[in-house]
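Take a look at the structure set out below.
For reference, chains read A, B, C, D, E and F in written order, and residue numbers begin at 1 within each chain.
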Amino acid sequence: MVHKFINQIEPGEAIDNIYIVRDPILRSTTRGDLYIAMFLSDRSGQLNGRMWQATETIYKALPKPGFVHIQGRSELYQNNMQIIINNVSVVDASNVCIDDFLARTDKDTKQMFEDVKKIVGQVKNPQLKALVEAFLADAELMENFCTAPGGMKLHHNYIGGLLEHTHNMLRVAVAILPLYPEVQTDLVLAGIFLHDIGKTEELSYDMAFSYTDSGQLIGHVVKSFLMINQKTETLRTKGTQIEQTVLDALGHIILSHHGQYDFGSPKLPATAEAFIVYYIDDLDSKINQVTAAIDSELSDSNWTTWKNALQTRLYRKRIE
Amino acid sequence: MVHKFINQIEPGEAIDNIYIVRDPILRSTTRGDLYIAMFLSDRSGQLNGRMWQATETIYKALPKPGFVHIQGRSELYQNNMQIIINNVSVVDASNVCIDDFLARTDKDTKQMFEDVKKIVGQVKNPQLKALVEAFLADAELMENFCTAPGGMKLHHNYIGGLLEHTHNMLRVAVAILPLYPEVQTDLVLAGIFLHDIGKTEELSYDMAFSYTDSGQLIGHVVKSFLMINQKTETLRTKGTQIEQTVLDALGHIILSHHGQYDFGSPKLPATAEAFIVYYIDDLDSKINQVTAAIDSELSDSNWTTWKNALQTRLYRKRIE
Amino acid sequence: MVHKFINQIEPGEAIDNIYIVRDPILRSTTRGDLYIAMFLSDRSGQLNGRMWQATETIYKALPKPGFVHIQGRSELYQNNMQIIINNVSVVDASNVCIDDFLARTDKDTKQMFEDVKKIVGQVKNPQLKALVEAFLADAELMENFCTAPGGMKLHHNYIGGLLEHTHNMLRVAVAILPLYPEVQTDLVLAGIFLHDIGKTEELSYDMAFSYTDSGQLIGHVVKSFLMINQKTETLRTKGTQIEQTVLDALGHIILSHHGQYDFGSPKLPATAEAFIVYYIDDLDSKINQVTAAIDSELSDSNWTTWKNALQTRLYRKRIE
Amino acid sequence: MVHKFINQIEPGEAIDNIYIVRDPILRSTTRGDLYIAMFLSDRSGQLNGRMWQATETIYKALPKPGFVHIQGRSELYQNNMQIIINNVSVVDASNVCIDDFLARTDKDTKQMFEDVKKIVGQVKNPQLKALVEAFLADAELMENFCTAPGGMKLHHNYIGGLLEHTHNMLRVAVAILPLYPEVQTDLVLAGIFLHDIGKTEELSYDMAFSYTDSGQLIGHVVKSFLMINQKTETLRTKGTQIEQTVLDALGHIILSHHGQYDFGSPKLPATAEAFIVYYIDDLDSKINQVTAAIDSELSDSNWTTWKNALQTRLYRKRIE
Amino acid sequence: MVHKFINQIEPGEAIDNIYIVRDPILRSTTRGDLYIAMFLSDRSGQLNGRMWQATETIYKALPKPGFVHIQGRSELYQNNMQIIINNVSVVDASNVCIDDFLARTDKDTKQMFEDVKKIVGQVKNPQLKALVEAFLADAELMENFCTAPGGMKLHHNYIGGLLEHTHNMLRVAVAILPLYPEVQTDLVLAGIFLHDIGKTEELSYDMAFSYTDSGQLIGHVVKSFLMINQKTETLRTKGTQIEQTVLDALGHIILSHHGQYDFGSPKLPATAEAFIVYYIDDLDSKINQVTAAIDSELSDSNWTTWKNALQTRLYRKRIE
Amino acid sequence: MVHKFINQIEPGEAIDNIYIVRDPILRSTTRGDLYIAMFLSDRSGQLNGRMWQATETIYKALPKPGFVHIQGRSELYQNNMQIIINNVSVVDASNVCIDDFLARTDKDTKQMFEDVKKIVGQVKNPQLKALVEAFLADAELMENFCTAPGGMKLHHNYIGGLLEHTHNMLRVAVAILPLYPEVQTDLVLAGIFLHDIGKTEELSYDMAFSYTDSGQLIGHVVKSFLMINQKTETLRTKGTQIEQTVLDALGHIILSHHGQYDFGSPKLPATAEAFIVYYIDDLDSKINQVTAAIDSELSDSNWTTWKNALQTRLYRKRIE
């Protein structure tokens, strides 16, 4: 069954597809009949669903939220598309093509991860090397690292986004580090590789992007720092010592990489390495955010809508 | 040998005492003779020392900084007291009464620690109870907890200050928690007990108060959070599980207890318990800071000097 | 007639109740018939009312705003409940049970006021004692003090909220002042009792909560300060002098109790007493605001919606 | 005796003049002799005084601070001028030409006050007229109004400065109000006349400029507001009523005339009249501050030193 | 054909008028019929238009945006007025009375411009005089100067607004400059005349007010500065030299006239002239904004709605 | 004559060297003899000079500031080195080795400029190419471009610093642009080349680094923008047109390259190209500033002194 994307549904179509249902409500009409109002969504958008002649049994069976198979018909109601539902049944997540529901990087994940391994393979400091390798050897974590989004809203907000962002930052670092010979390469490469590793725990991305409870209470900055300390402890129990000096220098990069207190950094950058990771992170995030915003708007206007995070509209016209 | 405090030296006195030497410099006079300029200090203040007819050997033997036994004579030079040194010899720290050099709480440390144990002994939640007890059972850490200062400059900046501050916060909590029945007592008590535990690692206080390298790179907020996670891991290896939900709720209190991003909190308070710990911490620090500032100034003025951290001068006149 | 709360109306019910009418508009349909659109509200919420076949006479008779007796029928229109009105008649406020329209503290007002009197009865300084007693003897003002809300939106926003907030702050003060022996108790107790007394004039709360013109132009901070000065003047004409020093120390607490310029304090706290009143005020307001937000949301989510005043969502899950 | 200004003393002069003494300290030399160190000042500046062979009796007799008659000799010590004192005796303030000690407006105070009376005499609204006249009839207050400085440091910081500033603001208002016909003239004129009247109580200026305790605790913004309310009350007891609406509109102008919370306004301007008083106040203060800074620096540089309150240096070169 | 203003259309009227069409969209109904949804506007407001039974040819012919002649009928739909369109045809801008679409100053443009010329005719400095005259001699630019709005939204946002604002600022300057004799008149008058001249290029106002691309990328502050430099260059090629010192003093006024970095000034005021232009600009803008906001709201309330740019509601009740 | 650097002078040396004299003052001793106090400096530091038995003629002949040949002797006075001057004579700047007085880049200026030409030679867009070539063809400007410092204090504050900074930014751009294929290369390269070109006019660097009057009034951001517009006009008169669209896109990069209003950008970045130039500029400046601060401090401490611009101390210890 080819998925019918929500933003491509025309009025009057027969619908026979899987969507995510959210916030279903059981209501009664003025005539006393029960009906269910709900939201249906996939990665392309969201619309209203209405199931008339519903029962409490149907309502109770609905996941809140979860995947459902919907049969019905689309219609325009007050200029908004909605779906009139005849049948609804729960679908197991394993039977769903998750790509229909979560945006995904258009880069080659496998290739990017190979590149990442190659670049961090250049780390020479034996302690940082041991630490990096311990992370690379953690298969489950690395799978999450290759899958997690880079963020909720502003940049790299798609499956594989964390990897794509980290990968690109590493490539930027490799390109410019020769121009700054006083900056310690190993710390920068290890710092970039691990700077957002806590996002694997901060974000949930099985059906849609959201924060985990733990992620919202602790944040990925401190979670990344903690994971580095935990991996260090694991190494220690296996006989490999990481000196406190090395761990602090790396930990400081992680804790200061948002660059400002207002963005949740508990420390401001105090080493050249911390500054360079902060700048590369900010540059890569912003360019992704800016080009995505310019590309995604459908209008012919030379300007995007107002971007609150950037405090400006963006200019879309090219001279080249 | 009774210590002669620096702020009590009169001009023309014979000096035969131990002080901390700092930043000694070897210089030559216009006649080509070598002399050593240095700072001498104890907890009451600091003045200049001059050793004429010095040698490079004497200079090299001086700790930078460290304790020295000084023999010489005081004099007024350009309205500042200085010491003309005849003899200087290095003193081992173990032979020094550290109280002459570091201010110390005037409360009874042992009694306060007993109180703390009693109050946190009220924690009923079995997981938090286990965690609190694991900290109390860590004798070396508890000794540091009873000795560390509460801060570098603004409040409780004396030996035992961390304990005094934590002790007072716990007493405030016990006094007001009955007025807020919806607030979870156990989380508040455990949160206060451990909120600044990382200061034992952030600050160094063997001769004078300063930051450790690790403390300045990581900060006590994140260090406290890390120590809780490490203690949890130790408990786990011994068979006691702390659920992630409990650990996150406690960790969130630690990470948000400065209340604002600008003060180095990577998270803002998001639970009633986090808010109450933040307020009790801020209240106890500020009242300590305000009353210390009012008490410490010697002038008869109704107003203290300008306090930059408070953006005001303080009014000293009482109506009672 | 038992009041039917707006958030409990089901579609298709017969309505025969008193509500507040707001912003009625007389309009004509495309067929040229007149109708009246209006909002109907009580303390539980607000919905649209429509009176078809209306006349200008009916429209003119409607209060804008005020209490009306509505007869009609509820219906769902575009998924929103509305009331189709057959009859509307003005109701005198004296015939209305005001509790149906204004939220009210669930604490015992009389008991709380007795407690307040008892606590401020501890004030020993004769001048502050005289001032406090003059306020307590002002029966009309005290009635308003027991009735006024504590705020418009964020905290204690219900009838009796000012008393509940003041009462709780006094209890907090009594609980913690013994821990801060250098803080002058009398100033703190008198300062808390009177810190928001100007809200009796700033806020209007006969039908719904709103600002008075005078309140919005002057603000409760300065109004409270003015009322203290006026009461002092009244005492003076009766032969009781309050020294300027005492009046200034108390006035300073009032003027600085928001703690920051941004929150409308014309002065920053400059005494230990001013700091402690500011902290107790902020703590009691925030805990009320946080627990109310956590309690009031109906969803099962572990998190509340975003709270702009706190710059976070709130975590609702308890460990106890 | 012609006063010898401090900034005109040359080395080696005989001194026989009155100065203000501040912060005298009794000290002993290395030989054990007592001497007194002190600061001597007049409106042109300050220098050190030294009285060798002093006694405790002489020290105790010195005012701290106050006027003294000094006999001695000037000398250069380490490139700073100081006075070696042979004789010192206390002088009664009534025997002092205060103009030698406090800077004074170079405008004609009497003429300015006549102008002020004439301009506010244009107020037509009977209630505002009554209020303005009540202030003008308060002879003691008006004398203070004509004498007080306009500020401590930044602008109009000289005797008569409050009058000069108010006078100039009124003239600006008279000049521009015809261009803004919607702005209510009477409120603006009364508002300007009284906007800083509380400075008569906030500042002390008998020997040098300083804040009173009451001024520092309450501030001139709220003091001005209070004085208007007190005068209104006095009028009421004499049978003249000022309606609350009028009083609030005027009071709002006073409370918001600093224009921003950060500058101690408890309310932001919410009427055209409040805005215009705020702008005229700010404009007149800043132009006074800027031209005074440009005029007062002695160097030939095209730029003044950095002005922190303006966050810039000022350009002094004229094109005309 | 008398224009029927959008805010005066009643339900059920026949419509036969010119409006601006914006954002037309071609859609199909559930039955598969095509229709066009669009917005129709004039200077009084905007409403929805619906053309049923539309064709792609009609859709393609519509300007996006532009003037169209609409024939149809008004109706209320869900309490909003809309127009059901029977016929639509494109109208050339030359056949349109632009005043129906763009708000216009109610002052006499010709008279204001004469006044402006007279006032800036007082400039005596030969170089500034030459520069001012060169601008006055630029007929095309002066026509734009008399037509451009003073802003997009907040103040003087109507045709002729730039002239009205500049005119009023010049009159304020003429009124108050005699009170500040140290301020250089010529610089102030030339500075005011040219301070916003770049708005002629920043804003587009042929059909409605919007930013030009160039205006949004560069801004009127820098555009005004550039135009002055370009006119100086033109003068130079004709043999009239403006010294760099004069040009810098004038340019500085332009670049700093927003007074704060946050409002897009690349420099802060550093001369008395720059301060006075900044204050007069801010005062005239704010009074225009405040009185316009007070006048424009239709309700009887004593308060306007919340004004975000002023961070307050405005009080509308007058005492006169 | 080998220059004796000020920070290498020992007490008791004979001095016979050229220094910059600043702020000389003619004074009389207590005995009535005239002497001159002055500051003497070179690029290594500054100390006091004293010329006893001076005359008014000698004083008048001194440049203020300027180069002088000093003969005399060094001595320690109150622990500060000073020079007792026997002879002073004015020296023409052409006879001075300027490198003794101004710090200079340690990179090869000629090579860097060749690199810059090569990199900007890659610009393909014909209009940007023409503009870049017009700048390269301006020999006088290019000489200044190769000589000017990159800043006054914080970064690249030495002769050749502007070139070194621009050169490094271009190399960073070349390295990372391939990773951001959507970013328009030509705009970025031209934007970097010209982003600070106005510093050639903003800064003066003939004897020491300072701002020109014009630089301080206008700033290098707007000056760079103006120079681009002027060069465009020159090209136009020679028959080469630059379209407004291209000029605006480039001008926007210049005007927004400080990234924030607070740092004097009149516009915020609104294109990917503007963002990337801003980030590369900030990164290169900060890394230069950080590594220079770490390298320049002489102490053995692991931490530098507090850096106000970075709001932190910097950590100096390396792990590599």
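Operating definition for what follows: a contact is a pair of C-beta atoms (placed from the backbone, for glycine too) under 8 Å apart; a residue touches a chain by one contact, two chains touch by 3 or more.
All values derive from a computational prediction rather than experimental measurement.
K.L.:
Touching both chain A and chain B: give me those chains, sorted by label.
P.N.:
In this structure, the chains that contact chain B and also chain A are C, F.
K.L.:
For copies chain A and chain E, work out whether under half or over half of the interface numbers are shared, and give different or same accordingly.
P.N.:
Mostly different residues.
K.L.:
Check A-F against E-F and say which one is joined by more contacting C-beta pairs.
P.N.:
Of the two interfaces, A-F and E-F, more C-beta pairs touch across A-F.
K.L.:
So which chain is the furthest away from chain F, centre to centre on CA atoms?
P.N.:
Looking at centroid distances, C is the chain farthest away.
K.L.:
In angstrom, rounded to a whole number, how far apart do the mean CA points of chain C and chain F lie?
P.N.:
61
K.L.:
So, what's the distance in Å between the C-alpha centres of chain E and chain C?
P.N.:
The separation of the two C-alpha centroids amounts to 43 Å.
K.L.:
Can you list every residue of chain D that touches 2 or more other chains, as numbers and ranges?
P.N.:
78, 213, 216-217, 245, 249, 252, 270, 313, 315, 317
K.L.:
With chains as vertices and touches as edges, which is it: line, ring, star, complete or other?
P.N.:
Chain contacts: none of line, ring, star or complete; other.
K.L.:
Following the definition at the start, I'd like every touching pair of chains, please.
P.N.:
A-B, A-C, A-E, A-F, B-C, B-D, B-F, C-D, C-E, D-E, D-F, E-F
K.L.:
Which residues of chain B touch chain D in their complex?
P.N.:
10-12, 75-76, 78-79, 302-303, 313, 315, 317
K.L.:
For chain C, which residues count as touching chain B in their complex?
P.N.:
125, 128, 168, 171-172, 175-176, 179-180, 182-187, 245-246, 249, 252, 268-272, 275-276, 279-280, 282-283, 286-287, 290-291, 294-295, 310-315, 317-320
K.L.:
Write out the stretch or stretches of chain E touching chain F in their complex.
P.N.:
The contact residues of chain E facing chain F are 213-214, 216-219, 221-222, 225-226, 229-230, 233, 244-245, 248-249, 251-252, 255, 261-267, 270.
K.L.:
For chain A, which residues are in contact with chain C within the complex?
P.N.:
Touching chain C: residues 27-32, 37, 78, 213, 216-217 of chain A.
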